[in-house]
Amino acid sequence: MSKRQWPLAISLIILVLFLSACGNNANAGSSSNAPTSFTIVYQPGLGAATFIILKNQKTLEKQFPDTKIQWDIVNSGSAVREAVISNQGQLGTLGVPPFLVGWDRGMDWRVLLATSRSDSWLIAINPRFKTLKDFGPNDKIGVVAPDAQQAIVLRKAAQQQLGNAHALDRNLVAIGSADGEQALLSGQIAAQLSGSPFQQREIAAGGHVVLHTKDVFGPVGAGLTVLSQSFYNQYPSFSKTVYQDLVNESTYVANHHTEAAQALAADKASGGGGSVAQFKSLLDDTSLVFEKTPSGLVAYATFMKSIGLISKVPGSANDLELPTVSGTGN
Amino acid sequence: MGQPDKEPIVQLSHVSLAYQHGHAQSATILEDVTLSIQRGEKFMIIGPSGCGKTTLIKAIGGFLKARQGEVTVNGVPVKKPGPDRAFVFQDFEQLFAWRTVLDNIVYALQVTKHLPRRQAIDKASFYLELVDVAAAADKYPHMLSGGMKQRAALARALALEPDILLMDEPFGALDAITRNQLQLELNTIWRRTGVTIVLVTHSIQEAVFLGHHVLVLSSSPARVLEIVDTSQAEDLDSPAFTAHSLHLQSLLVRQDKDLIREQVVPLSIVQ
Amino acid sequence: MSVPLFRTAEKRTFTFPGWLRYILIGAIFLIAWQLYVSLSGVSQLLIASPLATLQALIADFANGQLPSAILVSLQNLAIGMGIGIVTGLILASLSTFSRFGRDLLTVLTAVFSPLPGIAILPLTMLWFGLSSSAIIFVVVFGSVWPISANTDTGFRTIGTTTRMVALNLGLTRLQTVRDIFLPAALPHILSGLRLAWAFGWRTVVGAEIVFGVAGSNGGLGWYINNARYFLNPPAIFAGLVVISLLGVLLDTLFQFIEQQTIVKWGMKQAQ
């Protein structure tokens, strides 16, 4: 390549990079009340019930016929976060910690509402695991991601019971809930901390509970449904309608366990697999609480900052909330 | 000039040898070869190209097995190759490229004679001196000229202090000047060591000049045409040298069909 | 010694030395990258600037995260390659000395070499659990085939003369393989090793990502994945820079080994 061609080549490269960065804004330029497309990214499990019902009833599609509504199932809060950063999704559901990590790194997302809160169990098969003290360096513990709520709860528990929040870091293995269930039953990992319906099946297969998450942080930390502040500002009425729909469906699920169980059982990818009767009994369990108010935001942030996972703590939960739930959480 | 002992060191009696080509019919290379080589003599093998000269020397080296008959060295049947019959090949690649010239010899001495390294180095140096490549002792083979490589290979073979030095067209790939020089030096070395030399060549001049006896093989399958005593013909200008050369040439020409055709054509033109 | 044979005719005024040209290209790339991140307004959560990457590099080197990740990855690679090399050499030797060994290697290579290492990771996770043994096995699996196939080719293409010299010296099988076959086949073995390590390095990093070991004892793949989980693009970029630099370093090491062996021995032309 001759000397004269160099500047040309470099400017071409820069141009390509600029263009590729600009191509991602799915709903840029729209000035109407609703975006041209809207993607909801959620995770499989019992908490997905609200979204399955919303999807099945096509509520949003009827309310906004000009908006292309899409649904994506991903395996972890980190994946939800990536979908939102890359603008592949607008509305996401995830646990408190991955939400806080995103907020800490400068994502402008806020809580639209909370979804549900339940008790998760650390389950082991081998009877020698009675408490966290029984885990040696080679006894792997499966969690969906190192920044997942379960991983944070486990660190808090390690701090409480073993005196060091990082005592179990070497044991943690990132593995999806369904894969983790298989790994636990086949003996590849010593224990698994996921959620419903996986944990109930693991118990049925001979596992026992080593730890209840509700004992670690208390009755807080419901799953969150989040939306970016800028999206909310651009489409306030659309966002409020989505909020209201989710509140309605959540109330419906809370009051119609049978119908919700049928929806969960019918949609294996979203529900995680199981029969109507199994889901019905899970929904009937009193430890499952549907609530729209976010909780535990400050408590989790304080702990995560104390062990160096994030760099700041919100002044109050209100800093993290959209007007829909403003001032109600903690 | 030295004379060979009258005691045979190599004997071939009615040796026949064939190459197996897969499942196909085997091709006979040597047929009923009987000869004996005296201890300390220089024995030359010559014959039409592709007739089986190399096969014969490989049989003595133990690389090939006779189908019929027997090859004995020092009265013992030859079963496999060994350092008592040191081989020098035409191929320059016979030196180990990954060892220096000196190390090539030292290694050979260590594995064959189990000499301690110090002693092996002394001996190797002596033989490098003998063949006049001491200056290149620490060079790798690829840095040497063809002539130097052959000298080094000769030094390695001599260092093994073999009963017989088997040389398969050792100077065949060298230019004429280097070749003549090495022929002279081989004579000198033979005088100093008295080693038995069996040498395959396609040069009549080389055979007559170096050899005490010259074995002339027929074209394939190779049989013994004649074993010519050339021990008195070392001087290139002597009438004996010329006579032997012409004799060998006439023997070979009769064997080589291509050469016959070349001779026939001019005759027909004369008629 | 190395006279530029073909450049003498060409009149060249002045050119930058090679390393300077490479550094120049690198610098231009870094500046373009930094300018792009600074001026385009792209989200810092999508692309980290070179400066942010450098900061992450320094910080994570200082706090020991990167050194320990590098160590784990290199250890996985070294153990896997070590076992792969030994197994590959044994397979190639078997293939050289026995018909069954050759058939075995042919079949195994044909069946297994097209399988990407990552593709067998799920299987090794079943066999070895979520431990580094699973990753090491994948590296072994990936390196055995290029090493054994190349070594086998190397052994097969050893010249007849070299083989005959080994026979002439009366070497044992072990001596023949160790002292003759291995060095003679080294050009092929080294190119097999080059393939194997390039494959192994990619596999180690890839497997560590798939593996998603969440704790603090993972390698570079884990480091990148962890940076992803904690939304830390500068660390992701830092991990990529380290992986690439280590690759360059390992390649330089290979060039050095080649320089000290097969180039020095004249078995391969210097680049």
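Per-chain residue numbering starts at 1, and chain names A, B and C are given in the order in which the chains are listed.
Note that in this section a residue touches a chain if its C-beta (ideal position, glycine included) is under 8 Å from a C-beta of that chain, and two chains touch if they have at least 3 such contacts.
Every value quoted in this text rests on a predicted model; they were computed, and no experiment measured them.
Other chains, considered apart from subunit C, cluster as A | B (clusters defined by touching). Taking the mean of all protein C-alpha atoms as the reference point, the chain centroid lying nearest to it belongs to C. By C-beta pair count, the most extensively touching chains are A-C.
Subunit C has its Cα centroid 48 Å from the Cα centroid of subunit B.
In terms of their C-alpha centroids, the spacing between subunit A and subunit B amounts to 85 Å.
With centres taken as mean Cα positions, subunit C sits 38 Å from subunit A. In subunit C, no residue touches two or more other chains. Not a single residue position of subunit B touches two or more of the other chains. Touching subunit C in their complex are the following residues of subunit A: 6, 10, 13-14, 17-18, 21, 78, 81-82, 85-86, 101-102, 104-107, 138, 140, 143, 145-147, 151, 166, 168-175, 183, 186-189, 309. Partner subunit B is touched in their complex by these residues of subunit C: 159, 161-162, 164-165, 167-171, 175, 179-180, 183-184, 186, 261, 264-267. Contact residues on subunit C toward subunit A in their complex (touch as defined above): 28, 32, 35-36, 40, 42-46, 125-126, 129-131, 212-217, 225-226, 228-232. Only residues 61, 63, 80-83, 85-87, 89, 91, 93-94, 96-98, 107-108, 111-112, 140-143 of subunit B touch subunit C when the two sit together in their complex.
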